[in-house]
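Naming follows writing order (A, B, C, D and E), and every chain is counted from residue 1.
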Amino acid sequence: MIVAQNLIKSYGAAKVLHGVSLTVAAGERIVLCGPSGSGKSTFVRCLNGLEERQGGTVEIAGHCLSADCANVLALAGDVGMVFQQFNLFPHLTVLDNLTLAMRRVRRTPHRAAEEEAMAMLARMQLTEKAASYPRQLSGGQQQRVAIARALCMKPKVMLFDEPTSALDPEMVKEVLDVMTDLSCQGLTMIVVTHEMGFARSVADRIIFMDRGTILEEADPETFFRHPSHARTKEFLRQIGTQY
Amino acid sequence: MIVAQNLIKSYGAAKVLHGVSLTVAAGERIVLCGPSGSGKSTFVRCLNGLEERQGGTVEIAGHCLSADCANVLALAGDVGMVFQQFNLFPHLTVLDNLTLAMRRVRRTPHRAAEEEAMAMLARMQLTEKAASYPRQLSGGQQQRVAIARALCMKPKVMLFDEPTSALDPEMVKEVLDVMTDLSCQGLTMIVVTHEMGFARSVADRIIFMDRGTILEEADPETFFRHPSHARTKEFLRQIGTQY
Amino acid sequence: MSYEILLQSIPIVYAGLKLTLIVTLAGFVLGQALALPLGLALTARSPLLRWPVATHTFLLRGSPLLVQLFILYYGLAQFDAVRASAIWPIIREPVNCAIIAIGLNSAAYVAVIIAGGLKRLPPGQAEACISLGLSRFSRMRDVLLPQVYRAILPSIGNELILVLKASSLASAVTVMEMSGAARAFTAKTYAPFEVFIVAGLLYLAIGFLFGIAFRFVERRIPGVAAIGKSGRAAQPRPQALGASS
Amino acid sequence: MSLILAYLPHLLEGLLVTLEVALGSFAIGLVIAIAAVFGAEFGNAPVRWCVSTYVTIIRGLPELLVIFLVFYGGTVLLSRMFGAYVEVDALTAGICALSFVSGAYLTEILRGALHTIPPGQAEAAKSLGLGTGATFRHVILPQMFSYALPGLGNQWLIILKESALVSIVGLEELMRKGVVAAGATQSPMTFYLIVAGLYVAITSVSMAIFAYGNRRLTFGR
Amino acid sequence: EPLRIGTSADFPPWGYTDTAGDIVGFDREVGDEICKRIGADCAWTNQSFDGLLASLQVGKFDLVISGLSITAERAKQVDFSKAYADAPYHIATIKGGALAATKTRAELEAALEGKAIGVQTGSTHEAVANTYFKNADVRLYERNEQIADDLAAGRIDAGLLEQSVWEELMKAREGKLELAGPMLTSADYAEFGNGQGIALKQGREDLKARVDKAIVDMISDGTIGKISTKFFGYDLSYKG
């Protein structure tokens, strides 16, 4: 489903990704973690063509992404993305947020799109928020709308970039619940997160990045019990067990 | 050191504090927690006169605060406050951030203020950042500067309002370390936080607020082992053990 | 278009340059000086302070500067009481009237900018000051105003250019600055184009110099990137809409 | 006094012309500005250069000079092109000249607003598969206007007052009517005060309208 | 194809608007009479003075009739018809002032030395004031009533305007002003120009010839004199 080979990315002189490779099978659930600035976001954004790259190949959901992302629109919603800052369209109601791309990209008729969107909102337990504007929702609700918006396009792959880190502690749970739910349905997912509880219970594989490279890659059991790198251990100590 | 009685606060029609009372002895360390919107910030801000109140009395660090906070400046730095958003002065260097109030409020001579401030920075391990501007620092460093700035005024009471929740996971630790350090020195403190590890190891008393009232009040041992209210249990489950 | 007239009009416009600069710079400085108290009054808690100033700035921003200039210059002079008073020696001179009218007008605009800047500062800044015990005066002088001025510096630079352009109205009260000189030249020779082009170029050149000066000042002032951004500096990303499509 | 009253209808006529010129040039200026913003953000280097030169020069010159040069320079050009004088009526001419001026200012306002839209908006649109056109129309443009509204309101008030300058191309708008009436009646102060009052009146009304628009365009804030 | 005429009708009695908003005044009636005589329809446009000549040069107007004084310098840019009027000028000052006592030209010139004198932009008076009143502080005003107001307020010592204009202005200012020195004409100061003419775009010889003929006729048969008396109270038709 995803084959990334030897990705290289730099901002001017600063190299951010030093040849990152990753293969993800259909239905696999990957959790990506690592210290701040290690390049997690950049990597994920390269995967769905939001970031040009200086080298390497990306094949995702059946599309080959060119290095300058010229053909990013060919993905046409096949790769869903959920951002840390939600990035809902503030001038549209929740329902319109969901239907916009369905109608403009998938050419779903207005009526059908709204029905589908309402079904999706029901699944997210947001039915009564359909006519609200994003600003009128709590953070957790906003993030659930963002997930719903991506899912409406029936993506083959979902990418999540720290979807819970802008949320209040109590709202984290409602979003993690939705994501756990998705993972049970066999969607291919890459999730950047520091929620180690989630990683442990959901991930097929955990990937640890540091300074633009993949340092460690293992199933959750191995990752938490026997991390091989000192940097990973240090990271786990700081994240997991602060006191 | 702090005696708050029957605090009432409303925004227009919405009542936010429904008669909150709290007595804190000198040297006591209180952790305040509770769900979002329960009024923790509002309560703490009433204590140091940042928020007018509609009823109740506040006596803090030897001053009686009037309900309209007209005499808030009489506190003159006796009550230190650390905010979630740091609120450093962005146009001043770290050193000037620290010395400004010492010079203008305490009338400490320029030279003496700088010496004291440098000593404080040394304690915070920030000596080499003295000439930096706040935005050149990481979040953890900024928060440590904010703490240092308040400490420079030699406050009798320190209030912390979610001092770590705007920080990256890795930076949380450096700030909590500093706060633990302070708590060992016998400073009277009220800390609003969701860091339960910190609460457990540092607090003399944990106070749980919900919907503008204090629901539960106990030593850490009792609080975590045998919470008496269902709401507290629910909260602890969501915060502490998400998965 | 004739080169002979073009050359002829250069010294004509140049003769107005000095007056343009005097009116511009003096008007600007007067405007800035008055803007600060007005701006503070606009954000004052007391309605007794706020309302008169709000009305004043509204009237000055809501009517054409030319009319204001006429009222100050010709209107006031009609009253014997004014001519007997201490301000007469000042407003007797056309240059002073132009400077005062432009300064008052500019002050109204800048006051609103300052008030806006104060309101846009994160409330945490004032709260931090209170919790440190800083007096109101010190809060303004040491913390809030430096940040406001840093944030509105580009607007103030803009204002200088606007005042430069407004100075072209001074000729309505006999102050023959550049554009007035250009119009007088046109009236004398009936050749309208050349002299306006020369004047235009000079205005552009002065505006350009002012712009450079302000950018220089801006770069010299450290600190505050943008108002309201505390914590980690926002990561710069490429343009709002990618150029890839 | 009765002589003054007799000239009031002329002032009101002038007021109508002022409104026509201001509204017309605001609308056309807005169209120019949208095109210029699109060019400045998505165009190639020459287009970007053209836009920035246009904006810089227009904003650096006193408006009277710009209107003068645009209109008379433009007429000379047009006449050369067609080999004979091209008749442009005063209203069209005034609106054209002022549109050109206001277009430059509006470009800057819209560009500023465009840059306040978080980049995440365009990225979200892209990740949903929306093309550049659809993104601009459905995601960027509505937000841009909502951010730009205060700036647009300011610019409208400025154009309102600047419309006084188009009397140079032969339009009898409010200010010119005031001057003419002042000349005919020998009571200049009265007319200047009335004219100022009329401007302030329109200003108040338009500010109320913009405040209403601002409230409508807040999307649940 | 009507003849398009531009004028700045803010200048009584040469050109102004009546309460119905129509352009009236000396220029208007002279212009209408010329049109009648050359057999043309006329369309009048009232436009601020600043734009009149540019409009003429780009072809928006065929004629500009707005009390324009004929000078050699201006004739390089536009063609002038034969002069149709020759307005007399006068200096005015505050009533009972030192200047008011002057009677002859020489006295006047001596008294004006170093004084502040108001003249109108777009008139030829600036050149006169600069040339003959030594070290005078010559100030340019856009409108004649502004000169009268500043004179009354004491900002300037003297104003130089057309004879006819003063009368109206002095009446409106309730005797605060009075005339000084003699009446002045182009015979006294050549810089005043050679009377007032009609401006045409350069090269329109045919039209100019027809207009010229009409003007010569109107002067000789007394038509202009009649119109002039109606508006000014005396005959200022060109006799040179």
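Convention: a residue touches a chain if its C-beta (ideal position, glycine included) is under 8 Å from a C-beta of that chain, and two chains touch if they have at least 3 such contacts.
On a predicted model such as this, the values are computed, not experimentally measured, just so you know.
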Smallest count of steps, each to a touching chain, taking chain B to chain E: 2
Measuring between Cα centroids, which chain is at the maximum distance from chain A? E
Please indicate which chain is farthest from chain B, where distance is taken between mean Cα coordinates of the chains. E
Indicate the whole-number Å distance between the mean C-alpha point of chain C and the mean C-alpha point of chain D. 21
Taking each chain's centre as the mean of its CA atoms, how far is chain C from chain E in angstrom? 38
Nearest whole angstrom, what separates the Cα centre of chain A from the Cα centre of chain B? 35
Rounded to the nearest Å, the gap between Cα centres of chain B and chain D is 52
Two or more partner chains touched - positions in chain D: 68, 72, 121, 126, 131, 188
Chain B residues touching 2+ other chains are none
Within chain C, the set of residues that touch 2 or more other chains is 74, 78, 192-193, 242, 245
Which stretch or stretches of chain A touch chain B in the complex? 35-36, 168-173, 176, 194-195, 197-198, 200-201, 235, 238-239, 241-243
Provide the residue numbers of chain B that touch chain C in the complex, in ascending order. 45, 48-50, 72-73, 75-81, 83, 85-92, 100-101, 104-105, 133-135, 138-139, 142, 149-150, 153, 166
Would you pull the chain D residues touching chain C in the complex into a rising list? 41-42, 57, 59-65, 68-69, 72-73, 114-115, 117, 119, 121-122, 126, 131-132, 135-136, 140, 157, 161, 164, 175, 188-189, 192-193, 195-197, 199-200, 203-204
In their shared complex, at which residues does chain D touch chain A? 118, 120-121, 123-131, 134, 138-139, 142-143, 146, 219-221
Using the touch definition up top, name the residues of chain E that touch chain D in the complex. 6, 9-12, 16-19, 21, 45-48, 50-51, 54-55, 57-60, 143, 145-146, 149, 168-169, 172
